[in-house]
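Note that chain A is present in both complexes that follow, paired respectively with chain B and with chain C.
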Partner chain A sequence: MFKYDVKLAFKSMRRNPIMTALMVAAIAVGIGVSMTTLTVYYMMSSNPIPEKSDELFAVTLDSWSPLRPFDDDNPERAPHQLTYHDAERLLSFAEAKRQVAMFESSLIIEPVKAEDLPFEAFARVTSTDFFAMFDVPFIHGSGWDKTTDAAAEPVVVLGKQLNEKLFGGENSVGNWLTMEGTRFRVAGVIDSWEPTPRFYDPINGAFQEINEMFIPLSLTRVLELSSVGSDWGWKSEEITSFEQWLNSEAVWIQYFIELETAGGRGEYVAHLNAYVNEQKKLGRFERPLNNNIYNVEEWMDYHEVVANDAKVLVGLSFLFLVVCLLSTIALTLTKFIGKKAETSLRRALGASRQTIFKQQIVEVAVIGFSGGLIGLALVTLGLQGIEYLYDSPEGMVRFDWVMVLTALGIAIVSSMIAGLYPAWRVCNIPPATQLKTQ
Partner chain B sequence: MNPGPMVSALLRNKTGAILVALQVAVTLAIVINSLYIIVLRVEKMNRETGIDVANVIITYVRGFGDDFDVVDSITNDINLIKSIPGVVAATVSNHVPLSGSGSGTGLRTVADLSIDSISTARYRWSEEGLDSLGVKLSRGRNFLPEEVNFIRPEDDPPAPASILITQDLADALFGEEDALGKTVYWGSLEPSTIVGIIGRMHGSWVNWDKLGNVVIQPGKPAYTTNKLIIRVEPGMRDELIPVIEETLGESNRARVVKSVRPLEELAARSYRRDRGMAIILSIVISLLIGLTALVIVGLTAFHVTQRTKQIGTRRALGARRIDIIRQFMLENWLITTMGAFIGVVLTVAVAYWLETSFELERLDWSYLPIGIVVLWVLSSVAVFAPARRAAAVSPAVATRSV
Partner chain C sequence: MLQMTQIQKIYRTELIETHALRELSVTVQEGEFVALTGSSGSGKTTFLNIAGLLESFEQGTYLLDGEDVSHLSDNERSAYRNHKIGFIFQSFNLIPDLNLFENIDVPLRYRRFPRADRKQRIEHALETVGLASRMKHLPAQLSGGQQQRVAIARAIAGEPRLMLADEPTGNLDTTMAQQVLELLEEIHAAGTTIVIVTHDQGLASRAQRNIQLVDGKVLEEESPHTQEEIPQAVMLNGGEPLAAQL
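The block that comes next holds the complex of A and B.
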């Protein structure tokens, strides 16, 4: 019976090719536009580290000016980064299960072979726990241990791409690399690791790939590494040496902790407050106590990682989908009413209301499915266009199975809803009246 | 004319008419709001920057190794670049305007930290800085060569005696008063005198509402990465980029010439979200208008076929072709107008949502009548072809049975 319904559906679709094409096009374009924007939104708002997002926290301390808040628009907020010396101090207390202090720098890599050219590469300068805390996958070797970090040994963990560029993708652990005149030993090579959004550094961009390698935080002092990320200051201080810079009130270090359970939160904040109260005795931290930790989701909200434009586009494109559905309903209704005579005949020959109703629904479902398929092709095109327009790394906006099924689901369900009223109208056509006028 | 046939035709397919009207309404709401966002973004991208963006090249150079002398390197680079025919001026700068990367500070007109400061972007460059960007001084004077010294990261120089500021910053600091010759105070409460005023110049962050606030200090920043700003003769830019890259690359192997790029490219990158939004919305409204127009054509064409007999009868009873066309056009006009009325309400609702949830600017209401007129024209064009076909129905049809 279902096969017969489908056959009738195709027959009816062929009879009015223009109407059918319009209906399919309406659904295809509606799905194409709305699913493209929804996919971008879904990517931007996705949880980058679902297994740990409740146990990882960004730490903020209010070390800002006594005269005014860090952010005039959000006066309740403490600065989103720490001073170098506060970060160093917190690391040494090691009150959390794991803790990491970090910033983004860049180094010149000197040629391994004489014929190569030197080039600049980005490095995340970070403390030991980084790899374990963020579940970074290694291909070769590992990170460095606390002794290495404490001794400020020049070791480096390479990103997959940089390892390919420098060592042709081989196991380079134990090899040496000269950067800024210092010889670094390769300790490990990580697999591609691109949590999206880049939750651990939304301050310098939540949607880009910039970590080419990782080196120990303790090298900051030794190599006088400067940050390529943003730094903020409020105090006019004399800075004529790197040491003075490290001891200044400028905030530029990002600090994350991992707690055993999300419940340890209050305890950790109490620890922060105790630290700050002690600093207050030294004349620092002149603002009222305002130290907070934010879990991953809260940290993403804090930095408004999902761009307003993306939300506006989702809203407008779903209104667009509404237009497409209204078109589909109008077209279906018109078409079904045009089939009055045929329906009357079928009813007179014994087809029940249910049969007619079912057949109409099958017809719109077939149209919805075709529209959905073409719509998916449009989404692929749309996502490529968006990657190009926004200059985002290739493959960042992916279309996964969840989205494919959502798209087809929306297409079929909405076209069936669009078909309900017309189908109901049609199956109420009495058997005889239409025949009479013939 | 007799509205009878038209109204009775509409009443016969009430639901159909309502559906089309609703479609028109939602279309209006999307088109007007999107168009308004597009216009705002395009206006933002086309703002006058005060900079000769088309003829400026930006180069980033970074030295390495123990023997590297940054002051020598900058001096040689600037001399080499200026010896290339076609180069107008060149300077080293702490930051590049429009690039997204910059430095900010706060200035006060009185030496009192408890008073809020005026935020501004801050640059530091040589006496050739203005010429290197094609920025025009409206009043006062440029830096003198003796005011310009190399500044290393560890130098922590005192506040300069002379500074330049933009008119926007002057207005923010002094209001109606003339800022030229006045003193301003930095965060350290050190004073500087305003010796020149720039009519207009954009800073680094294109999304900042104080983009026009710029203060310039004299000096040649000798940092790890040297940012060189080079202006060339009109039309020479693309041909000089490889020349500059090669000249700098060969002169000193102890450094990396990171990139030599047109300022236009850096600026376009800063505006890519706005451009992206404008392009996406343009595509969306084109698709939407196309779809709505096609649906109107399709539906009218279908009705014409369905009503062939009725049309024939009217023609047989004396209706002229023009009467038939008028009937379809008016029928459509009535539906579109009904849709436009609902559409106005919807447009305002969507505009309210955008304004309150996303801090978008309030919709300029003059877009509403324009949108309605566009819809009228569009739907009339869409309905005209099928209506003409309807008018071509022969009166003889009435005598035949279908």
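The block that comes next holds the complex of A and C.
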């Protein structure tokens, strides 16, 4: 019977092609718009590292000015980055299972082959635990160990793209690369790795492209690496040397820890407080104790990775879908008037109300499905448009099966809901009326 | 087969009440071929609609095939129509974008006959009405008489006990009407009870029994083939001698 209903649906759609096209178009546009915003929203609010999001924490210490809070709008918040020397101290305590301090820098890479030109590449300057902590996938080699870090050995882990650019995608582990006059040994090459949003550095852009290479944090001092990320300061300090900069109260280091369990949180904050209390004795940390750690989800909320605008936009776009569905209802009703004769005939020939109702619902579902398919094509265009507009890396907005099925599901279900009232009207057409002389 | 007693049907609109049937009592025996005549507005279609369970009625009792059908639910009425009754309408009522096969298939689908059974019934019905070769044609590709034969094929494919026809020849010229009538007689001969509504005295006279309605009531029952009706029939058929048609 279902197959018969589908067949009748196609017949009925063909009977009035313009009306059908309008209905399909209304649903397609509604689905296209709502699913585009929903996909962007879904991508923005997705969990970038679901296996670990409860054990990874961003660390904040309130080292800010005694006169005013770091963020006037959210006075309870400590600065979201650490000073270099605090980060260095926390690393040396190694109180958590894993800990990582990092910032973003950029270096000039000397050509490997004679015919190439030097170019600038971004580097995440970070400590040993980065790769294990964030489950970074390697193609070749590995990260560096603690001894390498401690000895400030110049090693580099290349991103997949950079390795392709420099070494044609070969296993380049053990090769040498000259950057800023220093020879770096390639320790590893990572696979494509794009946690979205980029949870470990939302401060410098949650939807930024992933860094192209990674070098040890200890090189900061040796190579006098500066951050290309943002830094904040409150204290007027005289800075004439790099060492003074590293020891200043400016905050520019992102600090993450991994705890054995989410439950270890209180203990770790206590550890932070103990450290800060000790620093207070030295005249630093003049504000009341306000040290906090945030798990990944909290950290994304903290930085409003999903902008409120995005939520409003999703709401609006679903309202728009409702408008499209309302016009579908209007069209369906108009169309069903033309079905009176056939319906009362079918009723006379023995179709029950339910049978007629089901047939109408199947018909709108088929229209909904068609609208959903075309809507998906519009979503693809929409997402490409957004990538283009926001200049985000390609493939950032992913087109996945969940989305396809959701779109089709929403299209079918919503058009069926839109078809309920018209179908109810149709199935109540009495069998006799049209059988009298026509 | 069909037994109505004291049936009353009133159509109500905001302005007026129309007593379409007033205490109508009609009995049709199993296997009968009955013609219903009467002037326009006398309640013939109303009677047929009630007999075919297409409409309800206010008062009286109606036994169809020995069973009281006054209190059936809408679904049960649909099933009864589907299983027991074949309809033939004046305006054929074929679905224009279904081919002949699919048109005849409509009531069989609702009866949930298996596919092979449906196919066999449709082919047989189309053979009976002499249109087996046009199975894939659309109704618009047929003449009026052929369309009405398809409608008959649709009505007989489910082998109904009772066949109801409202002016089955009303839209047809005499030759075509003749073919349709012959078909109905064939169906009747095969054992189906038939009730037809007609203005055509010639057609009525071929029935076993005539029932005349006047103002929602049975006027009188007359036996067919009475001599004095023939001239009247000639006139009703547009002046052609009845003998020439038969």
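Structure notes:
By our rule, the second predicted complex is superposed on the first by the 434 of 438 C-alpha atoms of A that agree within 3 Å, B and C clash if a C-alpha of one lies under 4 Å from a C-alpha of the other, contacts with A are read in each partner's own complex, and residues count from 1 in each chain.
Here is the rule we use: a contact is a pair of C-beta atoms (placed from the backbone, for glycine too) under 8 Å apart; a residue touches a chain by one contact, two chains touch by 3 or more.
As the structure is a prediction and not an experimental result, all values here were calculated from the model.
Contacts of A:L313 after superposition on the shared chain: chain B is touched, whereas chain C is not.
Within the superposed three-chain arrangement, the count of touched residues of chain A is higher for B, of the candidates chain B and chain C. Look at A:L345: by the touch rule set out above, it reaches chain C but stays clear of chain B. After overlaying the two complexes on the shared chain, residue contacts for A:R15 are found with chain C alone; chain B is out of touch.
Shared-chain residue A:V222: touches no atom of chain B or chain C.
Touch criterion not met for A:A150: it reaches neither chain B nor chain C. Contacts of A:L381 after superposition: neither chain B nor chain C is touched. In the superposition on chain A, A:V322 makes contact with chain B only, while chain C stays out of contact range. Of the two partner chains placed around the shared chain by superposition, chain C is the only one that A:R353 touches, whereas chain B remains out of contact.
Across the interface of their complex, chain C is touched by residues 1, 4, 11, 14-15, 341-342, 345-355, 430-432, 434-438 of chain A. Residues of chain C touching chain A in their complex: 45, 49, 52, 54-55, 74-75, 78-79, 81-83, 87, 89-91, 93, 95, 97-98, 106-107, 109-112, 154, 166-167, 170. Against chain A, in their complex, chain B makes its touches with residues 13, 15-16, 19-20, 22-23, 26-27, 29-30, 33-34, 37, 62, 64-66, 113-114, 116, 153-156, 186-189, 224, 255-256, 258, 269, 272-273, 275-277, 279-281, 284, 287-288, 291-292, 294-295, 298-299, 301-303, 306, 350, 353-354, 357-360. Within the complex formed with chain B, the chain A residues making contact are 16, 18-19, 22, 25-26, 29, 33, 37, 67-68, 108, 110, 117-120, 180-181, 226, 234-236, 238-242, 307-309, 311-313, 315-317, 319-320, 322-324, 326-327, 329-331, 333-335, 337-338, 385-386, 389-391, 421, 425.
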